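Paired with chain B in one complex and with chain C in the other, chain A is shared by the two complexes that follow.
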Partner chain A sequence: MEDEILQLSDVTVHFPVKMSLAQRLFSQKSVVHAVDRVSFSLRSGEIMGLVGESGCGKTTVGKTSVRLIEPTSGRIFFAGHDITHTRGEQLRRLRKKMQIVFQDPHASLNPAMTIGEAILHPLSIHRLELGSLELGRDTFEQWAVKKVLSTMTEVGLTPAKHLYYKYPGDLSGGQKQRAVIARAIITEPKLLVVDEGVSMLDMSVRAKILQLMLDLKRRHGLTYLFITHDLATAKFICDRIAIMYLGRIVEIGLARKIYADPKHPYTKALLQAIPIPDPDKRHNKVLPRGEVPDAVHPPAGCRFHPRCPAVLATCGWEGRDFVDFLDEHLSDPNRAGDDESILGPIEGWRADGLVATLKANPVNVEKVVERVKAVLAEAPIAMTQAIESVSGRNRTVTVRFRSPDQLLQTNVQDRLVECLLYQ
Partner chain B sequence: MTEAAAQQQTEQPLERSSSSVGRLLDLLIQQRRSLAGAMFWIGVVVFFSFIFIGLAAPLIAPYNPQSIFLTPPSQPPTLQHLMGTDDLGRDIFSRVLWGTRSSLEIVAIGSVLALIVGFPVGLFSGYVGGWIDRGLVLVMDSVYAFPGLLLAAIVALFLGKGVFNIGIAITVIYVPTYFRVTRNHTISVREETFVEAARALGANSMTILWSYIAYQVLISIPVVFSLSAADAILTAAGLSFLGLGLERPAPDWGLDLSDAQKFLSSGAWWSSVFPGVMIIIFTVGIAFLGEGLSDIANPLLRKERA
Partner chain C sequence: MTGPLLRVQDLYVHYSTRRGYVRALEGITLDVYPSETLGIVGETGCGKSTLGKAILGILPPRTRVSGQILLAGVELTKLRREEYRMIRGKDIALIFQDPMTRLNPLMTIEDHFIEEIQSHENVSKNMARERAREALVSMGIHESRIKNYPHEFSGGMRQRIMIAMALVLKPSLLIADEPTTSLDVIVESQILEVFHDLKRGYKMSLLLITHNMGTVAEVCDRVAVLYAGRLVEIGSVKQVFHKPLHPYTQGLLASIIHLETKELHSIEGSPPDLISPPEGCHFHPRCQFAQPICVEKDPPLEEFEPGHFAACHFGDKFL
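== the complex of A and B ==
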């Protein structure tokens, strides 16, 4: 499409896990699944929010979009051109058109450069494309300084001539973020990725910077990819939002529709987590249980299923979920009884994909199978319904799960949701 | 206001604020009463006095350091010969003053060359990383593992005597020091957000390395410079003492010390004490300068980082 500025198609980013030599020799390579098959597109002039908890891969998506991180697979299109494999001089030129603003304005500025030099630097980096040869060095320099001063004034760094020679350490956080924004927009980019751009600022400054971003968008026809963990900020500024969880987009659509009526259980939980400043309005919150799982071994099927309040039997349960369940069961003295002596110790259980196994004394195998079945029957949760069989053969007790249903993005009321509830 | 007046105004840069170097200087002056500050300023005084002595030796030395007085040799200090005369009847005071000059030359050549080699190689190694970095670290570490004086002696043996050759021998010892400090600092600066931001702006590796990383890393150099210079004086004196440094009859602390030690037993203490004292004062002075600077500058570096 003509007016699509940025399009990500099945972008996957895996990071290698740092391992010692011994680990590398004896275990298979493991990777962090930072981003898995993420697709979305940004139309020109739109503000798209990328929302999720920390560690969900939203920053990686942002950096990959502007080619600071190489995608493991998938394709990236910028203004209709495939830029997945652009490199060298071409990539350098491309950077003029897409910029990124990082979370920490102080760390983003070189402490040895004055504010003016820092904002001017993109112009000098791209001086050849900007016509420094035709203009001559002095004329170009004059033009560049004038442009820096006008951009500084535009982003509210006033008086510009006064601040031009200041070092980053002399400025306040809000001023530094304005300087970073000035540096990003001075080459007149089409796309601006804002990675937690206002998270480190005070509330009062935050509102002003957001307003500035909206003004700049209107004046320069910018398109934003706005990455944040803060739902209130996203609601204020975004046209569309994409909710990410553990490297996957779970729901994507118009911001006001998602805020009014979230569909994915994770989105619902996130929105319920926003505090309501009214002590009388307490309602029952159904928040996700436990912690965000390790991205090195993401859960099978829907990645949210182990924490999901609305989980089904077909969401992707597997062997290790049974081991976790058993661990929890055994550590509860009221329910465990003498289960520990028969089913334990928990370290004896091995999970491998859809199965969990326990090496047991051949005499005991039948007893263990009986006890596992009894424990499962007492707990009528989605996971127990996903178990296909519990069997004992030779010296091994095997708990086998059914294969999960295939998870697809489904169109639900003008948005894409990735959840079996809607399939 | 006319347009020209407005133009005038934009071209008038207003007050400059202090850079990190300026801030460091402020801090050094502020902290002159603290232990580290006092050490630094004592070191500065000693260092510049010795530079003055080295430069002005022809003017302040009462005699030619090589001229022999026909009075009996090995005179104790008198008003005529402030530090006495040596076994050949030469004025020790003049020789000690002139010896400052050769020490300074050797240290300057050694430290500057080591900086010129070690700093860019360290920057490059730290920035590119990978197997090139690992290879360079291995080479530098094996040089570093060698006892300094022994290594310098071997190099000096091959190159021969003379100020420049000793300078080179000292360079070889200190290149790994500059390399390590630069490389390690480069690796930490390389991961800073502003370097990634520079990449996002479209800067190429050369620009990133020189405009963004080198300046930051340079801050850690003065400390290394002064600490290795102090060590270099000792090494240079040691080489001369072993007969691998300068050629007789050049005035040199190490050489004079070596010649004088045979007469120590006959009671001629002055011919070995004065060159020795000079070595001690100069070394301790520069070491004070380096230690003081590192104590004061490092918290500053830490604060800038935060």
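== the complex of A and C ==
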């Protein structure tokens, strides 16, 4: 499309895990699956929210979008041009059109540079491209300082002439974030990635910075990729949102539709978890259990399935889900009884893909199989249904799961959802 | 109602800096009753963390402190360091914002517990270990993980471990300073549930220091609002949220961004420099209702309805 400013197509970013020499020799190479096959596009002038918990890959998507990270695979288009592997001088020229604002304004500003110098810095970096046409009779420095002062005024850093000579340490948190935004917009970018840009600010200041971002969008037709974990802020500011979980977009669409009627169980959970500032609305929440798993070995099938309150038998159950369940079962003294002596110790179990195995004493194999079946009666019904067989042969007890159904992004009421419930 | 467990009376804390004294707290008076959860809210630099530190007696040296802090009748500010140390951990426990920086990476969870318990009670290692197990299990952490190191746990689990450690000596007062700020929404919600259960399970008072009004609405019984080192409003959560009397509280509540937010609100200006705060009501330069009297006279903390106090000359106008 013509007015698409940014497009990510099947972008995957994997980070290598640091390993010792011995590990490198004897084990498979492991990677952090930070982002897996993520696709979306931003139209000019829109605000798209990228929402999720820490470790879901939202920051990696942001950094990859402005090419601070080169994707492992997939393509990135900026204003119609493929920038996936752009390098050097060309990339530098691109940068003035795409800027990023980070969470901590204090860490983003050099303490030894005055606010004015900091905001002017991008102008001197991009000097050639910017200066040549507009300079007129001024020298570059005169022109640049004027531009800095007008930008400072525009973002509300007033009186600009006075604040120009201040150091970051002299400014409040809100003022620092204004300075960071001024520095980002001074090159007149088309795209601004804002990574948790208001999260560290106090409530009363947060609203002002959001208002500033909305004003800038209106005046300059800026396009934002707004990365946040705060669903309430995202709801207020975003036209569209994408909910991320463990490197995947699980739901993406118009913000008002998603908030009015979330489809993916993870989106529902996130919305429910937000504290409501009204003591009359205290309610019992149904929260997903546990925490986000390790992105080195993301769960099979739908990555949310081990925690999902609406999980189905076909969502991706695998060997380690059984081992995790058994671990939990054995550690509950009320339920375990003598299971520990027959099924334990838990360290004896091995999970590999769809199967979990236990090396058992040959006389015991039958007994273990019986007991596994008994214990499974207490497991979540979806998991029990997903089991293909529990068998004992020779010295090995094997619990085997069925292959999961293929997960596809499905169009559900004007949005894309990646969940078997809607397939 | 029985008497308060903690009574803070006319507490002043002034930090000494090169530029002069920072008046972090100015005349704070508040009570915490047995088994109640009191929220302390305010923005960065309002003195809420200083209040927590003052109660625990962990203010930096050369800080000027005056006023009284009474815990179950014992005057804390007069205690010698050794005596304070016996109370800290045993009677008053603390949970910090970032559990990772408060756990020693070279010590197992078990070692942390044993050190904590044995520094207060004369019990054997085995006894201590047993109690550590119980505390961990009560927080939903499997006892087999007691020999693990802090880095082997997730953020939410570390915070649960911190809570378990704080509870193991059965303190009467727990101070939690932004306990969920570094956690994700879902984990935050899980930890708040833990606090809920604690109130029911243990007869313990909780002082919850936070900037998140949503958290306060969900777990607190009463709430105290601090602005520029002063207590500007205190009352039950319902009173303060439904009928805020102080213009600062009103501004703070209006500026929350929640799911129903249709319009952005903010408070004009920024908090004052606490080295030379404004005369009269500290909030007057930012207050849309300010009158000449607000500049001249300090508003005292007055009771406008039963249990609902505010420090505003015009508090009755907002009733």
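Throughout what follows, the second predicted complex is superposed on the first by the 408 of 423 C-alpha atoms of A that agree within 3 Å, B and C clash if a C-alpha of one lies under 4 Å from a C-alpha of the other, contacts with A are read in each partner's own complex, and residues count from 1 in each chain.
Following the convention adopted for this analysis, a contact is a pair of C-beta atoms (placed from the backbone, for glycine too) under 8 Å apart; a residue touches a chain by one contact, two chains touch by 3 or more.
Everything numeric here is computed off the predicted structure, so don't read it as measured data.
Look at A:R92: by the touch rule set out above, it reaches chain B but stays clear of chain C.
In the overlay built on the shared chain, the residue A:P277 is in contact with chain C alone; chain B does not reach it. Applying the stated contact rule after C-alpha superposition, one finds that A:K146 touches chain B and leaves chain C untouched.
Legend: residue contacts after superposition of the two complexes on their common chain; A:K166 is shown touching chain B, with no touch to chain C.
Of the two partner chains, chain B is the only one touched by A:P111; chain C is not. Once the two complexes are overlaid on the shared chain, A:P122 sits against chain B while remaining clear of chain C. For chain B in complex with chain A, the residues that touch the partner chain are 9-10, 12-20, 192-194, 196-204, 207, 211-212, 215-216, 304. Only residues 66, 68, 92-96, 99-100, 102, 104, 107-113, 121-122, 125-126, 146, 149, 159, 161-162, 164-167, 169-170, 180, 183, 187 of chain A touch chain B when the two sit together in their complex. Across the interface of their complex, chain C is touched by residues 53-54, 172-174, 202-208, 210-211, 229-233, 235-236, 259, 269-282, 285, 287-288, 291-292, 327-328, 331 of chain A. Put simply, chain C touches chain A in their complex at residues 43-44, 142-144, 154-157, 184-190, 192-193, 211-218, 237-238, 241-242, 251-253, 255-259, 261, 264-267, 270.
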